[in-house]
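Next come two complexes, and both contain chain A; in the first it sits with chain B, in the second with chain C.
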Partner chain A sequence: MIAFLRTRRTALIPLLLLSPALLTMLFVVALPLGFSFYTSLTAYRLVRPETIEIFVGLRNYIRLLEDWEFWRVFGRTILFLAIALNVEFLLGLGIALLIAKITWGQRTLRTIMMFPMMFSPILVGFQFKFIFNDNIGILNNALQSLGLTDRAIPWLVDGRLAMFSIIFAEVWMSTSVFAILLLAGLFAMPRDPLEAAKVDGCNSWQVFRHITLPFIMPFAFIAMTIRSLDVARAYDIVHVMTGGGPAGRTELLWTLIARTGYMDARMGQANAMAYLSTLLSIAFTWYFYTKLMQARRYMGGVQ
Partner chain B sequence: MAGISIRAVEKAYGAVRVVHGIDLEIAHEEFVVLVGPSGCGKSTTLRMIAGLEDISGGDVWIGQTRVNDLPPRKRNISMVFQNYALYPHMNVRDNLGFGLRIAGQSPQVVTERVNEAAGILGLSELLDRTPAELSGGQRQRVAMGRAIVRHPDAFLFDEPLSNLDAKLRGQMRAEIKKLHQKVRTTVVYVTHDQVEAMTLADRIVVMRDGHIEQVGTPMQVFNHPVNTFVATFIGSPPMNLLPAVIHEGQVLLRDGSLVPVPARLRAKTHEGQDVVLGIRPDDICPVGHGLGETDEGTDIALTVDLAEPLGMESLIYTSIAGQEVQAKLYGPRIVQASETLSFRLALDRAHLFDAATTRSLDVL
Partner chain C sequence: MSRTAIPVRTADRPLPRPPLKKRAQAFGLWLLTFLLMVIMCVPGLWVVLSAFRPNREILAKPPIWVPETLTLNNFAKIFGIGQDQVAIPVLAYFSNSLIIALTSTVIALIIGMSGGYAFARYRFRFKGGIFLGLMLFRAVPGIALSLPIFMVWSRLGLIDAKLGLIIVYISLNVPFTIWLIDGFFRQIPMSLSEAAQVDGCTRWQAFWKIEFPLARSGIAAAGVFAFLTSWNEYALASQLTRSTDSKTLPVGLMDFTAQFTIDWAGMCAMAVIIIVPALIMTFLVQKHLIAGLTFGGVKG
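Let's look at the complex of A and B:
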């Protein structure tokens, strides 16, 4: 009998010790997730709380699948992500390679490089909204003073230019994520394979292409994982600079979701959108993570 | 098809000079080993030949070309590094073929040469593995394979065996020697291990502090060291050095005991000269347990402090004139500590060095 109690008790101990973590996960993650999923199956409208009880099944999702506007925003977000990540990667790589060459003042430069990340995205948005403003903006002012153009370029009014302006702000703010991680990769890189490649007949470009780049790609994948999550949820800069306009031409997933949920108060519909856009983030993360793991496999265990 | 010629080559980092104008002629297909303690400039010299370090002064010629201003890729050499320096993201086949592909060889030629090199080095089974999946010895073989596929004018080895354990080092040493016999090419090999230098080299170059101390075949360097540095650096255990004075045609040791001056050196000594008597452990042996008969010897009774039996021989620690010396006993005889034995010093193989200049009296 005593032995039985003792085994019961020892069997309970692990569960007991795990309970703080389990309870936290339950209340902080699982319940809100379950609740928001449930609301995505209802006709929940924020202004009429009783609608949360109207169960509509998959109607919100079906409506989304047929919603041309939603998919256009979905596609635009992917395009936005692809352009921003590639530009940030290339610029970050360039900056990292330059800084890695410098011997004097390198620490200072590294610190300065991080400055854009220290600003709140909202402020970055306001700042670039001012820079790109067609009437009082500093950019048009500069272009006109230099005589490069004689009319005001409608940076934030034209759909394409507005998208460009937003990407520019995003890139300005976050290139240093790539730069700092790639720089860490360059510092961690052993010198011997580089020298071996030089003796093996490579010129500088070939050394970079065949040895340096493969070595720092895992670091790039880490940066891409972080940044893809970051960019996929872009909201603040867009909201401040264009508010999704002109005429929805810079609408991204989260500005659309926020508008549907909070402006139109259709929270059930907004949650359905949010669940679909989560798939996008999961897909990107999964993709970069797989690439990272592939790259890590051969990097492991070699000096 | 090329020798290497090093003429008054210097290396300086700012004001610090690490190689002080060295001259060395390496013949076609010769195996030359640069050996010396760390910091002696041997690796720097090798890296200047490879083109990985700028040459501060003097000239390096490979074959008929002055290569001072050529980048490594135009020197047609290949190099094996201490840390293997394999390309971690490529499998063995791609590691081996990389240089050929960069040089624009056709895929058939690459495959052919890679298979040939893999055959020579026993890597045929491993071609699809990545470096991370190989053992140290296998990685070293891949590094060597990468060097031979390109049929270069010269191989440069930079301490290639120092990352391996002792047993593997012995095996790989033999493999390098075999490789050189199969693939006759000029080799410059850097090591701090005098055993590697002795076993591999056609000629040994002993370096210290950016200077060449002695150049010669392993036997020349071993039998006729030009100074006390080379004498103690080459040979293991190192040569015993005993400070002494020449007195009445004899070597007077610090405790007053007298040893005859070796016959060949009698004309080169004078009364009151400060010298160092150098004698290898192999030349201090208990009577009847030495390396055969010596033409010229002197007997001395010594007390054993410590004996290390190694099977067919024993290393004996004793002291002469109050200074610890190592001696050897050949044959499977057990020696006890504090045992007193009569040792014979083989004077025909002993050396005298000038105490002030440390130079051997043989070369003065």
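Let's look at the complex of A and C:
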């Protein structure tokens, strides 16, 4: 009997230790999300509070499905994420390989690389708004002073260039997450397989492809998981740099939610969008987390 | 990879590489690194430099590359010192930011330590599922979460209150803190605390005397991460704050932008004020930060 009680007690301890975390998440995230879902089924408008009781079923979602503007923004968001994450991964990998090769000043380089990580996204946005400004920005000033162009390039005024500038800012902010983690992976890599492969006559591409890359992939997945947790930070950058303009050409899902919810005060509709964006983020995180777990099991099997 | 001088190889290939090619390679590497560092550093440094220049010089056409005058006026102005005052209460924003970030960090650390310890030291049902669940809650976009929180908080009177933001930031930080601290506790061999318990400590004592001191630097790193998240957050803060009672620095930064005019110099000065504390914090614990991120994740 006593033994039974003791096992019961030890089973309770972890739950007890976890309960503050679980309660916080329940009250500050789960319950509001539930409320958000309910609101997405109503015709709630901020300016008329009583509208929260008007139940409209799935009408907000159906309206979204039929709304071409929404799907264009949705597609742009996916494209934005695909481009940004891939560029960040490749650049990060390149930087990590580069720094691993350098023997002198490695620590300093690594420290400098952490620089963008501590920037608030709103600051990154402001910084690049300042740099890409067509009139006083350092980029146009430099291009004009060097005689590369005689007119000001409208970086943030032209739709395509504005999207490019935003992706540039996003990549600047987040590449270091990949670089730092991949570099840590390179440092943690055992030397023996590399040298064995070289003795066996592998060229450096083969060594990279079959030994280095598989070893550092788990580190890439950590970086991807961390990144997928906060992809929506791009909201801050877009909000400062272009505000979704010109003419909605840089509108992403998150800025559209803010516009619909707070500017147009159509809370019901905004919540429906927010729900879709939440599912999108969760799918991203889930996917990379599963990948990470697989890679971890694989590494555990090898060691 | 730099260790190429394996004897077998030199025996196979009697001719060493021409030194010129090697030197060119080394130079190329150096150039690439240099360019990279320029791209990484110049944007930030340009903002910092501009914070010390008068607006007139920033706006000059043709551009003035070498600063003619360096001045502290921009800082004096946003702090309201001197003749022409700008009505941006940076001091209030700064103290709001500090209070909110510190409080939420401390509470998130306590919750995270308790949760991280549970994940690192106990086996229980649905362990993996609970962990994944915590992560997925963290993935909810700030702006999406802000809608329901805005609605609920306005009913509870938590809009434009520091407490409202503190509660939100705690929940924002708990999952990641648990992830990091779990990783740090795992690195400490269980036998240490078991030995202490054999010697007569309770598990509680063993934790505070053995495991906590060993994980301390890691916990500090997790704390810095949490602090930076709160310090830098904008999407939620911009909707949940209204006035000097609760506005944080990132929200205050937007005060400088009007419909058609932007006070570039003032914004640059404000940017410096936001970045300096973050910079100091990160450099203090950078080593543990990297270790925590990688080994928390890779070693299961």
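Here are some notes:
Operating definition for what follows: the second predicted complex is superposed on the first by the 270 of 303 C-alpha atoms of A that agree within 3 Å, B and C clash if a C-alpha of one lies under 4 Å from a C-alpha of the other, contacts with A are read in each partner's own complex, and residues count from 1 in each chain.
To be clear about the criterion, contacts are C-beta pairs under 8 Å (C-beta built on N, C-alpha and C of every residue); 3 or more make two chains touch, one makes a residue touch a chain.
On a predicted model such as this, the values are computed, not experimentally measured, just so you know.
Contacts of A:F215 after superposition: chain B is touched, whereas chain C is not reached. Contact with neither chain B nor chain C is seen for A:W68 once the two complexes are overlaid on the shared chain. Applying the stated contact rule after C-alpha superposition, one finds that A:W205 touches neither chain B nor chain C.
Of the two partner chains, chain C is the only one touched by A:D236; chain B is not. In the superposed model, A:W254 makes contact with chain C only, not with chain B.
When the two complexes are overlaid on their common chain A, residue A:M25 makes contact with chain C while staying clear of chain B. Once the two structures are superposed, chain B and chain C can be ranked by residues of chain A touched, with C on top. In the superposed pair of complexes, A:P190 makes contact with chain B only, with no contact to chain C.
The residues of chain A shared by its contacts with chain B and with chain C are 195, 198-199, 297, 299-300. Put simply, chain A touches chain B in their complex at residues 190, 192-193, 195-203, 206, 210-211, 214-215, 295, 297-303. Chain contact summary for the complex, chain A toward chain C: residues 10-11, 13-15, 17-18, 20-22, 24-25, 27-33, 35-36, 39, 95, 98-103, 109-123, 126-128, 130-131, 135-136, 138, 141, 145, 172, 176, 180-181, 184-185, 188, 191, 194-195, 198-199, 204, 218-219, 222, 225-226, 228-229, 231-233, 235-236, 239-240, 254, 257-258, 261-262, 267, 270-271, 274-275, 277-278, 281-282, 284-286, 289, 292-293, 296-297, 299-300. Considering their complex, residues 50-52, 71-73, 77-79, 81-89, 98-99, 102-103, 130-132, 146, 150, 156 of chain B touch chain A. For chain C in complex with chain A, the touching residues are 1-3, 6, 8-9, 29, 32-33, 36-37, 39-44, 46-47, 50, 58-59, 61-63, 65, 110-112, 114-115, 117-119, 122, 124, 128, 130, 132-145, 147-149, 151-152, 167-168, 170-171, 174-176, 178, 228, 231-235, 239, 250, 253-254, 264, 267-268, 271, 274-275, 278-279, 281-283, 286, 289-291, 293-294, 297-298, 300.
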